[in-house]
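Please read the structure below before turning to the comments.
Order of writing sets the chain letters: A, B and C. Residues in each chain are counted from 1.
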Amino acid sequence: MSVLVYIEPREGKFKKYSFELVSYGQRVASALDQLLHILVIGKVAREELNSLGQYGATNIINVSEDIPFDDQVFTGIISNFAKQKEANVVVLAHSLTGRAIAPRLAIRLGAGLSTAVNGLPASYKPFIVNKKAFSGKTLVQQEITTEVKVLTLSQNTAGITEHSASPVIEEINSDAVASATKVVSTEVITGKVLLNEAEIIVSGGRGMRGPENWKPLEELAQILGAATACSRPVSDEGWRPHHEHVGQTGKVVAPSLYFALGISGAIQHLAGISSSKVIVAVNKDPEAPIFSAADYGIVGDLQSVLPKMTEAFRKFKAS
Amino acid sequence: MNIFVCISNVPDTTTRIKYKPGNKEVDYTGVQWIINPWDELALTRAIELKEANQAAIQKITVITVGKADAEPTLRKALAIGADDAIRVDVAPEDAYTTAVQLAEVLKSEKDALILSGVESSDFNSWSVGGMLAELLDAPSVSAVSSLNIEAGNVVVTREIEGGKQTITTTIPSVLIVQKGIAIIPRIPSMRGIMTARTKPLKVVQGIASQPMVKVLDYQAPAQKSSCRMIDPENIEELIDLLHREARVI
Amino acid sequence: MNFEFTEEQLMIQQAARDYAQRELIQDVIERDTHSIYPSKHVKALAELGFMGMMVSPEYDGSGMDTISYVLAMEEISKIDASTSVIMSVNNSLVCYGIEHFGTEEQKQKYLRPLARGEKIGAFLLSEPEAGSDATSQRTTAEDKGDYYLLNGTKNWITNGNTAGTYLVIAQTHPEKGHKGINVLIVDRDSAGISVGPHEDKMGMRSSDTHSVMFTDVKVPKENRIGEDGFGFKFAMKTLEGGRIGIAAQALGLASGAMERSIKYAQERKAFGIEIAKHQSVAFKIAEMAIKVENARNLCLKAAWLKDQGKPYGYASAMAKYYAAEAAMWITTEAVQIHGGYGYVKEYHVERLMREAKLTQIYEGTSEIQKIVISRELLHIH
């Protein structure tokens, strides 16, 4: 029996989310007294793989080919290793890829699936996990009753633990089967921090008054190394692209720090940001519901507050 | 080709969630039921495609797993423009059992493009579409944000980490769709509402299947402690708090 | 007795609500401020079938009952009464009038485009010196053998400029008093019609209200509805149904203002607690709910009677009177609950208050409704 964690490199590097997944796997494996296997698909340098030892990786399987992503193909690769290593717990990120693979993988392994779990299992026997439902309006304790379990872990819910393992690295070919889907083109947004991975998000709402006022917001994001986002009315109005829409029907995010600028805080928006560690709200209406979700609040007009914020954070970063 | 849209019947997204005593079940009394928002967008896009590609798309069928109380939601889907509806007469338990019931009905459909919303707004499990595809041994494309039929081929755009990909897929396929596939769900016209009654709504019996996960307990999330207000003239205080107290910068 | 709605009725209510809350709400303040006609929304509502809701599908209508119409009017009016009055005039005055009293030729030619909402209708009864007193018509329709010659001025005409089809009430035989009045279908583009400037109103600012002047306008004889001298009866009959539309509009203003008040009272804090927990506010909301419920029941009763083919003039007068008075009280109190926020446009309730005022005035003032009700009880006819 073992624990298998699948992590995704991006351009040959690992992000913080991957370290959290490795740490998580280490803690689950040690609680179950089982071996931990980390599976990486894609070409990654040896040092980068070795660095996972800091988070408790002892055994790493690296399929060192750049295989175009396909739900079925990746499910096949991961399930093969899961079977080979007799994994009874398989952990993935609750990322776009993790979400795509996990349900297929669960069926292929005859496993029960729990997605977007928060933190470590509440119990291992029976296997009980915590998660949210109704878009964050309720917490659920769920038991997975099958022998094999597949989980996707919500970002920033388990934290990173430091270790000093020197991992054994196995480099393997995938024997990947041909995919039924064909990629015609790929478009990658470069030079921007991604919403799904961002530690800090600067988000604007209707209170920004118009697309022409986004410059200072983008400046603030740049200073903080943050991703930019927006509320639904803003993307519906076409002020910002749809992929920036955070909320119930848009993206659900879980950064350490979320700035809600000129966002009133409709229940659908709050559903998308409720997993943020810290929320800072700026709004001219002191009664705006966003303040009941925020940790820190400023009442004021963005036209004057935002430039002051940008200046102050610039100074802070420079010091 | 026929398009199948999997429909989940969910409480209105503004519903305040209450529990039955013991916190083991959600109390659904007085809840207004709606079509899961992503499924509604999928249906909207399916109808747009059929209107534009009469030759390529023969029929749009909506399918749900649920008891008779899910029928108003199916009827609304018919009013919006689906041609017929199937209800698998089983109370939904978990994503797995739902996918099993859908697969049982859809396994004989070879000329099918199956659409499923990325998640449902009640249990947010992001699971049914992928499970269904695996059970059917059909390709799936997840996080689909646009869908077109070009010269008989299914062309989709999917979101990937850090960008997007344009993909062609074969039939049958399961497309797991998100916002962008359509932006505003279609509102049924009165003619649609009147004809919905005469459109076929078939009820089929489910097959035996055991859930793999079960809910033990519900709880309201902890209330956030109150918001600390900061003077707009003193942004330095905010920075100091974020740095020293919250330790996020 | 059955207080349940049918599945179709609920779907229509939901469709109207979805349209209103998603689409109509956008720029509603802007439209009100600058008196912008909601042409995009009229077109969209027409495509959904809301412009000829109760007209038989045989004439391109939606074939819905009056209950559905009340439910739809309420939802649209919660968000924008300027749009719902356009809908009301087209549905319950113009389409109803032609469908129930017109000839087959008139229905084919005029009702179809009106029911599809491709053309919008207007109902021209009020005059500078004949508002509530409809008997003293100064506009004349002189019988010239195979046509009528129309002369005179009509005032406060909803859809006055945008309408493609007018229903004009005019006097043909002054010596016969109200029995000499006729109703004529008049094409908007007939020679001799001029439309006055847009009225700058207190509320319902984006509906298109004008005076309309007729100078030697020739109207073919076949455009007369009913027998010679049927016009006054036509107007009275049609207005009985029109009142249901306006009553439902007032109901929407009332329930819309109440919903906003409930939401606000739960969010806004004063003296450390939500204002909803202050009894003075909580009791006001209870009174609002009672009035809304009463108004809704009266509207639905009148609609039900009409759908059953039973007399409904008395019930519709009561519904219109009560709903309009309730709307005025509730919208005024909604502004009060909102305090300073209520007095600025962003919170909508001041607009609902301005709009509510008109429901006490048009299609029969509150005083006229009391005349109708009391005459029925006192057997004065």
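Note that contacts are C-beta pairs under 8 Å (C-beta built on N, C-alpha and C of every residue); 3 or more make two chains touch, one makes a residue touch a chain.
Remember, it's a predicted structure, so these values are computed and weren't measured experimentally.
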{"item": "Arrangement of touching chains [line / ring / star / complete / other]", "value": "complete"}
{"item": "Central chain of the complex, centres being mean CA coordinates", "value": "B"}
{"item": "Chain pair bearing the highest count of C-beta contacts", "value": "A-B"}
{"item": "Taking each chain's C-alpha mean as its centre, the one farthest from chain C", "value": "A"}
{"item": "Distance from the mean Cα position of chain C to that of chain A, given in whole angstrom", "value": "53"}
{"item": "Length of the line joining the C-alpha centres of chain B and chain C, rounded to whole Å", "value": "39"}
{"item": "Gap in Å, rounded to a whole number, between the CA centres of chain B and chain A", "value": "21"}
{"item": "Numbers and ranges of chain B residues touching at least 2 other chains", "value": "184"}
{"item": "For chain A, residues contacting two or more additional chains", "value": "none"}
{"item": "Chain B to chain A touching residues, read off their complex", "value": "11, 13-17, 19, 26, 37-38, 95-96, 99, 118, 121-131, 133-135, 139-143, 145, 155, 159-170, 173, 176, 179-180, 183-184, 211-221, 224-225, 227-233, 235-236, 238-239, 241-243, 246, 248-249"}
{"item": "Touch list for chain A against partner chain C, complex", "value": "287, 289"}
{"item": "Chain C residues within the chain A interface of the complex", "value": "267-269"}
{"item": "Touching residues on chain C, where the partner in the complex is chain B", "value": "7-8, 10-12, 14-15, 18-19, 22, 47-50, 53, 57, 62-64"}
{"item": "Residues on chain A engaged by chain B in the complex (per definition of touch)", "value": "8, 10, 69-72, 75, 94-97, 99-104, 106-108, 111-116, 128, 132-146, 152, 179-189, 194, 196-197, 199-200, 224, 236, 242-243, 245, 248-250, 256-257, 267-268, 271, 274, 277-278, 280-281, 291-300, 304-305, 308-309, 311-313, 316"}
